[in-house]
Every structure is written in C-alpha cells, then in structure tokens.
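Each of the next two complexes has chain A plus one other chain: chain B in the first, chain C in the second.
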Partner chain A sequence: MDLALQLLFTGVGIGAVYSLVALGFVLIFRATNVVNFAQGEFSMVAAYLMVVFAVDLGWPYWLSFLLALAGMALLGVIFNLGVYYPLRHRSFLPVIIATIGASILMANSVLAIYGPQPQVLPGWFDTPGFQLGPVYLDSQYLLIIAVTIVMVIFNFWFFERTMLGKKLQATSQDKEMASLLGISVSTMIMITFIYSAVLGGLAGILVAPVLFVSIQMGSTIALKAFAATIIGGFGDVTGAIIGGLSLGIIETFGAAYVSVPYKDGFAFLVLVLFLVFRPQGIFGERVAEKA
Partner chain B sequence: MSAPSDNMPIVVAAPRARPLLLRHLPYFIGAAVLVGLAATTPFDGYLLNILMQATTFAIAVFGLSVVLGLCGQINLAQAAFFGFGAYAVGIGTSDYHLSYWLCLLAGFVITLLAGALLGMSTLRLGGHYLAMVTISFQQIVTLVMVNTIWLTHGPDGVSGIGRPDLFKSQQTYLAFCVAVLALVGYVVWHLPATRLGRAMRAVRDNELAAGVVGIDVFRTKISAFALCAALGGLAGGLFAGGFAYISPDQFSFAESIVFLTMSLLGGVASPIGSAIGTGLLILIPEWLRFLKSIPGLYLAIYGLFVILIIRYMPDGIWGFVKAFLDRWRSKPRAPAPAAPLQLKPANVGGDIVLQVIGLSKYFGGLKAVDGVDIAVRRGGVHALIGPNGSGKTTTLNVLSGLYKATAGRIMLDGTDITVMPPHLRTAAGLGRTFQNIRLFRSMTALENVEIGAERPGNRLIGAGDAALTERALQALYFVGLGPRAHELISSFSYGHQRLIEIARALAANPTLLLLDEPAAGLNSTEKLELHELLKRIAAQGLTILIIDHDMTLVSEAAQHITVLNFGRRIADGESLAVLRHPDVVTAYLGSE
Partner chain C sequence: MKLTRREFTAGLVSGIAAPYIIGSARAEGATTKIGMCTPVTGPAAEAGKYATGGAKLALEAVNKAGGVLGKPLELVIEDDQTTNPGIVLAFSKLAAQSDLVGFLGSIRSTQVHAMAPDVLKLGKPVMFGGTDPNLTKMGNPWLFRCRPNDSFSGRVIADYGVNTLGKKKWAVLHSTDAFGTAGGKALSEAIEKLGSPSVLDQGYTNQSQDFTPVVLAIKQSGADILGSYFTFENDIGIFARQLRQLGVTIPWVGSPSIVNVTALKLAGPALYGTYGVADYAEESSPASKAYGTAYREAYKVAPDNQSSWTFDAVTVLAAAINKAGSTDPQKIREAIIATKKFPGAEGEYNFDDKGDGLHGYNIVKNEKGNIVFDKHIEFTD
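Right after this comes the complex of A and B.
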C-alpha cells in the first residue's frame, strides 16, 4: 500500500509533464488542424538550453530558465515560418511529414552539437524532498505538479477570459470568419506556435532533472503526450490533462509491477486499446465529415 | 456486353488486344539484362555491398510508394517491418537451421499480417493517428529486438545467416535480389492501372467520394498498408541473406526516416522515383563519408531535406522529370464509342423504388431530420425541396450512408439498406452526386468515370479493361464530354465537373440516382443543358431523386415533389399541386 501511494505520487508527477506537452499538441491542433510531430523536440531543445545556460555557463537557475523559455519562443517563431506557414494551404499529409522532418532535424542537430552522452540537469531546489507519512515527496515532482496546476488555470483564464484568448479560439474554429472580423489569422497562428513551444519547453525543463537530458527524451515524451490526447479525446483540453495524468499513473504502475524494460511500451498498448475500442477518447465526440 | 462484343471500336481494341505481358515485354527484357549484368560484372566487395543495400532498400521503398504515393496513407515503421523480415530469415536460418525459402516466405507472411492488424486498429481514423501509431509500433519493435535476448540475441544481433544453395556466392545472390526487385517493381508499376490501384488512388484523392462510388475504403487502405509492410518484410529477408549479420540498430526509427526520405526525394508516386531516391541516398552518404564521422549530422541533413522537398518539390525528382516529359508527349485522343450509353436499372418489381419510413437524424439535441417518409416511384424524377436548413442535404447524406440514421428505415428496390456503409449501398444500386463537387482530382475524366463503372454489381460491363473503358466513354459521351476524356479534372469548368460527376454515377448503372443540387453554380445555358440531360436519363427508365433550389428546374423536371421544413415533411404529391400547397408557400415566402 505504501508502495502504491509512492507510485501514485510519481505517476501523477510524470503524468503532469505529459499533460503539459499534450496541451501544446491540442492547442496547435485546434489552431491549425495539424498534429505537430516536433512537439516533443521542443521539450528536448529547452532541456538542452537549460544545460547550456545553467550547467555549462553556470548562470543562475532562474535566469537560465527565463532565457530558455525566451529561446523556445524564438524557436516557435522559426518553426512556424520555416515549417508550417509555407504549407498552410496544403493537405494535412505534407504538413505532418514536414513536422516529422523538423523533429528529425532538431533532434539530430542537437546530437551533432552535443554528442550522444546524456546530460544531467540539477533540480530547481537544493532540498531533494521530504517524507510525508509513507510517501517520499520529491521536490522536483512537487514543482512539476504545482506548475502544471498553475498552467492549467492560466490556460483556462487566458482562453476564456482574455480578448486575445477569445481571438485565438475564434481563429481555431473558423479561420475565414475570424479574418472577416478583422482578426489577423497569421498572427494568431504565430502566437499559438510560440505558446505551445514555450509550454513544451516548460515541460522539458521541469522533467529534465527527473530523467536524463538526452536526444531521445523528445520523441519519448511526444509519444506519451500523443497517447494522452487520444485517451482524453483529440482536441479536448481537459481530456489532454486527464489523459496525461492517467498515462503517467498507468506507466509507473506498469513499470513497477509488470516490466521495467517495456515501460515505454505501455503507452502504445493503451493507445491501441483506445483506438480500437474508443477512438473518440474519454471526452471526445465522434465527428463526421460534412458531405 | 457479356462476350467481347462486335461493336467494340477498333481504336480502343487495337492497343489492348495484345496480352498484357506481351506489351510489357520490353520491361522484362530490360530486367533480364540487368539481372545478367548483376550476375556477370566483376564488382569488388565494396561495390557488391552497396548494390546489395540499394537493391533491398529499394524494395522496401516500393512499399512506401504504394502506401504513401498511391493510397495517401503514412507508414513510419517501414524499418520495423524490414526488421521483421530480416529477423525471420536471420533467426530461422542461423539458430533453427530452417530452409532459407521457408524463412523468406514466413517473413513475408508475418509482415503482411502484422501490417493488416496494425492497419485495422488505426486506418478508420485520420492520418495523424496512423503516423503516431506507426511511430509507437516502431519503438515497440525496437524494444523487443533489444530485450528478448533468448530469441533475438539482443543488441549483439544475429550472425551466420544462411543463403539458398542456388545463390551461395555474393554475386549470384545479388543477381537474385535484382530479379526480385524487377518483379516487385513490375507489380508496383502496374498496380495503379488495376482495380485495386484505382481504388487506392480514389481513396487518396477523396475518401468520402471513394466510399460513395462503391469502394470499400477501409479494406483498400488495409490492403495498401499490408502490401507495404509485406514488401518491407521481403526486402528485410533479402537484406539479411545478403549481409549475413543483422542487429537491432539497423531497423530503428532513424532507418524508417531514411526510407521515408528516399521515397520523398525520388517521388512517392512511382516506383521509378523510389529507385532514384534509394540510389541517391545510398550513394550520396558514401561520397560524403566525412558527414558520418559526426553522429547525428547526416540524419539532421535528412530532416532538412524532408522539409525542403515537401516545400519545393512535392512530387520528388521523378515527378519533376515526368512533368517535363509529359509536355513533349501528345495526349491520346479519346476514341468515339460505338454504342450509346445503356441504362438498365435493376428492378425487382413493385411500384416504389425507394421507400423511406420515419427517417430521423439528430445531432445532439438538433433534429435535422425528424420522422420523414418518402416514397419514390419507379421511373421519372422526384424532387426533394425545402428552404435552407430544412434537412434536405442531411436526408441525402443519411440515404447514401455518410450519416447514420437515428431512427427509421430505408428500402432500396426491396433491399433494406438502413445500416449499410456507403460502398455497400452503392453496390445495392444507389448512385449520387455532391453539391460541392467531389471528383478524384489527380485523375483524368475517363479514370474518374471508370471507377464509377467498376461498381460491384454493375452487370452492364463485361470482363476486362477494354469493356470498362468503353462503358466509361459511353457515359462521358452521354453527358457530352467524350472528346475530352483524357484531360485532367482540373482543366474542366465547374459546370463540366458536375457533368463528369453525373457521368461517374451513370456509368455504374444505378437503380436510383441522387442528385444533390445539380444546378447550383450553373449559368442559364448550362441549366438548360442539365434539364435536357435529366430528361434523357429519365427516358431510359432510371429514377432520379433530385434536391435543388432552382424552382424552374424542379417544377419542369419533377413529376413528384416532397417538401421538407425544419426537418419535417410538410407536403408531398404531384408537382403542381404541391407547389400551390399553402404550407409550402408559407415556408418559402412567409405568411401574410
């Protein structure tokens, strides 16, 4: 029972990271109707930026953090201009392939620059954690959970309560109508890419001290986050968060009770089970294409 | 049309009279020369290795040209399937001392089944699901290869892989691989002109329309995906025999990306493109060996390549060359069909051809169609009208199976089609056109109509391609576009595209033709021509159910009218009486 509680805590912590990346997925999907296969690479790049600033250059952690996020915002701009925007009028298949190309480009550029050796990023706090009854609360996991809660609330406030958020929503629902209302669609899409690159980067920075900072972390996180969006229901924000948390918990328990080497396989299993039996996810609705 | 008929025009018959294999003889002669060269040219060991790699990789990339180029579906796990085949031959011949041939076959069959199963789990859903699921699958396969050490020897890999006795030396084995390559290349090259290949192209161009013209979309996609996987497996088996040693890192996700890049660079649409892409991407890294000294650098360049190709050269190198060659080739002239189009709608007897009882379609709380009854009499034109938002198009979509009915029954010529998917309804005799035209845009008018003529259950076409072409030509001549049969859809005006859609439906010899606002967007001359066309169709006994806003057309063409408003039937009966019905007048003009 104590082990189960401990696993639950870890699962929620790791699941929170998946939720953050999944949120980035969903936002881009809603704005542009494409799945960004380089979303996980945003997390990986941000983690490496942190290693450069905080470890290699030895700058203060908070400054490195802000700089890394600023770097992600810039990457979001470059990504939009270089990958998505030129293809915005093409069908979804070329766009998907281009984002896959971008993901390969980013991962292997970092590999070429930094080499295959995984890097270590220390956590934000000096205290590693503390014991609460039977459960050891790792401070980094606590931070991850706290930041995720803050981001979810911010996300809700931003999209439901601010004018910019409403404009973004309008753009994602009907681009033509939005542009007729005087909303600059290309600006809105740009903002979406910046926001989701920062979100993905945030997730990467938070999870880096828990995992190693490696080239593979991007694709691993992206895969889990994608599975999370499917579990939750594609395009649904609440679904992405719940899906991420459930996947984190399933995976942690699976690794503890079933098999460690196949830890990354559980996401695939859950993914396929959902695709076969409930493709619309927990919250999703089946939508038919209009003839 | 049962026997190869006497009235078949000479122009069509002449080039098709020779058997297919004979017409393609030059290809086989060329292939034989290549095999001969591979068997006899004295290559050094280095060159032999490169050629072996290029040959086996090209077969795997052929698979991608089927799934991505022909069918428009993505597969990011081709290296995993390649690995399946390689491990089947590797483990089989090395650890269990089984026959090479048996292992090669087993690898082929296993990947065929694995591809089909993976496809079944995902292909009903959109393309990004498939992309993600194939990536996941790729990761799992790599995990299994590394971790099930008792079977795969883990990261150490499998060595001492056998070859068949017949092709023991590396040179003869290369010749054997080239022969397989030529054979597979032939199949993939010829595939687009077969029924299955046409279905794949239709699915790629317009999935919804493909279902409505009678193609089983799901099965077509699974066939494409399974074929792609099986070609990967076959290639992997050949690869294992060629190099005698395999290890998991040769079948990683990175390798799947290499396959994808090869396919995109050469051009996804054709096996020639696949061969070009494979050859280049095996040779270029050999020339630029220094790139490999920095890990990641050459894959990073591949990633950049993918983005640039997609943006600037979406049809690849071969697409570029082909567009250039096509400019110099004269378009084949469409031959005149000898016989006029025959329509013989099926008839099981009875006066009513379409009986709709209590049909409802709710979207959440919105009752778009609410308990509608329609009885369409055999022969003649029946119109379904109503103001905007009255549920006309929804009704049509429920009739053709694009939406599932919430309640009610639909009987077509005595068959209950209420729960059938679109392609089975079409097989049962339903034909339709779309308000927003849905043609297969990368094909010619003739090919579009041929796909229509291929409707399962169409008894008016005989066996063979010639009969199919003849039927499609007749339908195109019937709507007045026969002479332009070989032109691409994009070169036709909006009005003519509508006519091609009608021809596509007519070629299938349907029992009932549903026309969804056929007059929308037509000018007045075109409307007159449309009216004339409807008369000629009705004259052959084909029943038409038409939806339109154009009251002149409806009142002149239709003998019987059903009026919907707010999803309910408000009037039904003989044309003139219905149009004067007070409820109908109120619905259209409002009350005083």
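Right after this comes the complex of A and C.
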C-alpha cells in the first residue's frame, strides 16, 4: 500500500506535466486545426530563459519567472507571424511541417548558444520535499500539481466566463462565422499562440528543477503530451488533463509492477489501444461533431 | 623574342604547379604528421574541445623533447560530427593523405566500430578510447586502445564492493543501451564469480523522467550495495536525487559517468559519498598528477578522461614511431605492442598483442563534490 501511494504521487506529478503541455497542443489545435509540433520546444526555451535570468544573471526567481513568461509571449507572437500566419490559407500539412521545422530551429539555436551540456535550475522552494506518513512528497511535484489544478480552473473560467474566452471559442469553432460577427480572427489566433507558448513555457519552468534543463527535455515531454491529447480526445481541454494524468499514472504503475525498461511502452500501448478501439479519445464527441 | 604556343603552355603549367610542388616537398620533409578524428560539431563538441586540448598538450611536449624522427610532430584534425557517418567521412579524408603515419580515433565505441573496416583497409595504426571489449577482439591489428575496457570496469566495481567495502547483496542497475547492457552483464558476471550473485538486476531506458519504480525496487530487494552503469548524466542526476529522497543510503559504486563533471553538477549533494571507477584520476600516479597540472595551467579547467586519453595516445604513438625508427606501419605496430611500463596520464601502459594498453581502473570517491583517488585495481589476466 505504501508503495502504491508513493507511485500514485509520482504518477500524478509527472502526469500533471504532460497535462500542462497537452493543454497547449489542444488550444492551438482548436484555434487553427493544426498540431503544433514545436509545443515541446516552448517548454525547453522557457527553461533556458529561466537559467539565463535566474542562474546566469542571478536575478530574483519571481522576476526571472515573469520575464521568462514574457519572453514566451513574445515567442508566441513571433511563432504566429513567422510560422502560422504566412501559411494560414494553405492546408494543414504545410503548417504542421513548418512547426516541425520551427522546433528543429529552436532546438539547434539553443544548442548553438548554450552548448549540449544539461543545466541546473533550482526549484521554487529551499526544501526539496517532506515525508508524510509513508509517502515522500517532492515539493516541486506538489507545486506542479497545484499549478495544474489552478490552470484547469483558470481555463474553465477564461473560456466559459469571459468575453475574450468566448471569442476564442467562437473562432476555434467556426472562423467564418466568428468573422461575420465582428471578431478579429487573426487577433484571436495570435492570442491563442501567445497563451499556448506561455502555457508550454510554464510547464518547462516547473519541470526543469526535476528533469534538468536540456535540449531534449521538450521533445521527450511533448511526445507523451501528444499521446495524452489523443487519449483524452484531441481538441478537448478536460480530455488533455485527464489524458495526461492517466498516462503519468499508467506508466509509473506499469514500470513498478510489470517492467521498468518497458515504461514508455505502456504509455504508447495505451495510445495504440485508444487509436484502435476509441480513436476519438475519452471525451471525443465534440471532436466528432467538429469533423 | 617570340613565344611559341608550346613554350607558353609549358611556362603556364610550371608557373601554376611549381609553388604546389615546392610546398608539398617542403611539407613532406618538414614534419611527421598524425591525423585526429574528433567532434568539432554535434552533441559531443564540448568533449571534442577537451580531446583536442589533450592531444595538443602532448604535441607540445613531444616537440619540446625533439619531435618524432628528428622532425616536429604535426596534428591534422578532421571533424567527426559526433556521428558514425561523420567519423567514416573524417577518417577517409585523413586516410587519403599519404603522409599521415598514424591516427587518433574516437572515445565512442560505436564510432570506432563504424570506422574499423576502413582502418583495416588502410593498414596504419589508430589509437582510440572506446571501451567496448569487442573492439580489440575483432582481429583488426591496427586498433590500439588507450583506455581500460569495460570488462575491467565491471570487475573493478565488483572487487571493490566485495573485497574493500565487504558487501555481498548487490543491486545492479544499468541502461538498456549497448553500453549499459554490456557493462551490467560484465558486473553481474564478476559479482557471481566472487560468490555473491546480485539480488536485483534492473535495466532502465535512457532519458527516463522518473526513477521512483527503480528506487522502490532497490529498496524492496534488500540490497546492501548498488552497482550502476549509467549512460547519460541527466539520468544519473534524477536517479540520485530520488534515491536519496526515498531514503536509500546503501554504498553506490558506479561506472565512469558517476564522476563526470556534468553529473556532479546536476546531482550535487545526492552523489556525495558515492564511489566511481575512473580511468583518469589526478592523484593516482606521478604521471597523472603532472598531466593534471600541465592541463590546468594550459586550459584553466579540470582535466578528465576526455583529454587524458588523447594526451596518452599522441605520447604513446610518438614514442612508438621513434622506437621503430621509421614510419613503416608494421614497424610502428610492433613498437606499440612492445610498449611496456610506459607511464601515461591514464595509468601505466602495458600493451597486449590484442591492442589493449591498460588493464585496470582507479576507484575514486565523491567527497562533498571533490573527486578523491582511493585505490587502483589492476588485473594481469
């Protein structure tokens, strides 16, 4: 039982990271109907920005955090103008390929500037964690779980209760209709890219103290987050959260009770099972309607 | 004077060709050249910088001592791009230069495997640092290893754990890639030979984001010592932190990556008190110490095995050519094989007829982030 509780905590922690990155995938997919394969690199770039501000320049952590997120917002604008906007009237394929190209460019640019060695980013708290009964609670994982809960609530409030959120939803559901109603579609898409970049960056900054800051960190997380969005139902915010958490828990328990080397295998086995038996994912109805 | 067309053409050709012929003749006569494949670009570019630094330091020392065959030694460097196709291309460029008499290959076994067929075809000596034991068992007489191979690291970890630390219940943890699997197997076999088979043999995939299941398995196995083969430093960092957080404090003896500068930086205090096998340990011998001092002075960074093996490779090769008294590949080969009791930065070189120069490892301890030499374990069989 003690073992299961420890595994559950870690599984939820790592799953929360997948959920945060998966949210970025879903938001861009809903707004533009394309998968942004550079979502993982947003996390990586934000983590490196934190290293520059908080470690190299020695600025206060909170200030570095805000500056890194501001940097991500700027990257979202550049990404929209440089990658999506010129191809917005083309089919989804050129845009997807452009996002892959952008991800390679980002990874190699950081490699050229920072070199291949992984970097250390300290966590928010001085205490690495504490023991609660039989379970060791890592403070950074606790923070990740808390931020994920806050982001779920914030997303619900933002998309369901604010005019801007409703405009974004309208744009994602029917661009022509939204345009006829006086909504600036290009502005809404710009905001979506900014929000997704900030969200991806937030995930990267939160996970960096646990997984270290490396060029590969984004692609490793993004692959799992992508699987999480498919499991949850592509295009569904709740699905992304549930998909991410399920994936984290399944792979942690699978590794402990079946086989450690096949840990990644469990995650992708679940993905394949969903693609075969329920391709629309757990919360798939809305995607089916949209298609 | 009237110039005929033939005279004009002859004059033009000799005008263009002369500087090259003179230059080439001068070049051939002026220096003894060796080639070096090293990562200038790619993921190991940083390590490549250290490797080049070590080789250049040796070059200076050799030239200060009179050079090779009475001429200065010259190093010709080609970028191997940290990839297998990259090193094949780099080596083919070097091999095409007939005045190169010997070469330095890679510290990565996979790259040495990739270039090995071309080395055999060329028939000139290549010094390398890859630690896969098979590299000197393939019947390729031109490969010479300047680091101890992995069969020794497994035996040294087992010997130290059992005979020095007095532990019997082993948990063996290794990456599932070629290096980790071979290392884990060598360690398990060595432990079994010493009469205490492992209670846990656990593989993991590279770039794992979480080691909780692994740590809990070690905890539940009742092991009193951990032996490990990690490939990537960030995996060591994550594992070490989780191991300590979940309360596992058993002694831990790891493969060379555990004392790697990057691993120490990432894991910090989580690696304090651990042991590692290291081919280069600054305090292990007077030659190692002298090299460490010279390297620090030249580059202002701490020396490690990325540079020490290239330093030794150039030094051993230069000494062998001088001893052979000729640039004939077969004579150089015989001189390398005859190299015995040669004090290098990595240890004392005693080449066997397979091409292995070193037959043991140093055990070092992480004392609050400082790597301290503990003992050297050498094998004669």
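The rule we apply is simple: the second predicted complex is superposed on the first by the 274 of 291 C-alpha atoms of A that agree within 3 Å, B and C clash if a C-alpha of one lies under 4 Å from a C-alpha of the other, contacts with A are read in each partner's own complex, and residues count from 1 in each chain.
Operating definition for what follows: a contact is a pair of C-beta atoms (placed from the backbone, for glycine too) under 8 Å apart; a residue touches a chain by one contact, two chains touch by 3 or more.
Just so it is clear, the structure is predicted and the values come from calculations on it, not from any experiment.
S.K.: Regarding the shared-chain residue A:Ile104, is it in contact with chain B (first), chain C (second), both, or neither?
M.R.: A:Ile104 contacts chain B only, not chain C.
S.K.: Just checking: does A:Leu211 make contact with chain B only, chain C only, both, or neither of them? Give me first, second, both or neither.
M.R.: After superposing on A, A:Leu211 lies in contact with chain C but is clear of chain B.
S.K.: Between chain B (first) and chain C (second), which does A:Ala267 come into contact with in this model arrangement: first, second, both, or neither?
M.R.: first
S.K.: Could you tell me if A:Asp138 is touching chain B, chain C, both of them or neither one (first, second, both, neither)?
M.R.: second
S.K.: Contacts for A:Leu275 in the overlay, against chain B (first) and chain C (second): which applies, first, second, both or neither?
M.R.: Only chain B is touched by A:Leu275; chain C is not.
S.K.: Any idea whether chain B or chain C touches more of chain A?
M.R.: Comparing touch counts on chain A for chain B and chain C gives B.
S.K.: Given the touch rule stated above, what does A:Tyr84 touch, chain B (first), chain C (second), both, or neither?
M.R.: neither
S.K.: For A:Pro116 in the superposed arrangement: first (chain B), second (chain C), both or neither?
M.R.: Both chain B and chain C are touched by A:Pro116.
S.K.: Which residues of chain A are in contact with chain B in one complex and with chain C in the other?
M.R.: 115-116, 261, 264
S.K.: What does chain B use to touch chain A in their complex?
M.R.: Interface residues on the chain B side: 72, 74, 76, 121-122, 124-129, 131-133, 135-137, 139-140, 143, 146-147, 208, 253-254, 257, 260, 264, 294-297, 299-300, 302-307, 310-311, 314, 393, 396-397, 400, 402-403, 434-435, 438, 516.
S.K.: Can you list the residues on chain A that touch chain C in the complex?
M.R.: Going through chain A, the ones touching chain C are 3, 6-7, 10, 14, 115-118, 120, 128-129, 136, 138, 210-212, 214, 216, 220-221, 252, 255-256, 260-261, 263-264.
S.K.: Using the touch rule from the top, collect the residues of chain C that touch chain A in their complex.
M.R.: Result: residues 43-46, 176, 202-205, 207-210, 212-214, 216-217, 220, 233-234, 237-238, 241, 245-247, 262, 265-266, 268 of chain C touch chain A.
S.K.: Can you check the complex and tell me which residues of chain A touch chain B?
M.R.: Touch residues, chain A against chain B: 34-35, 37, 82-83, 86-87, 90, 92-94, 96-98, 100-112, 115-116, 215, 219, 223, 226-227, 230, 261-262, 264-265, 267-268, 271-272, 275-276, 279, 288-289, 291.
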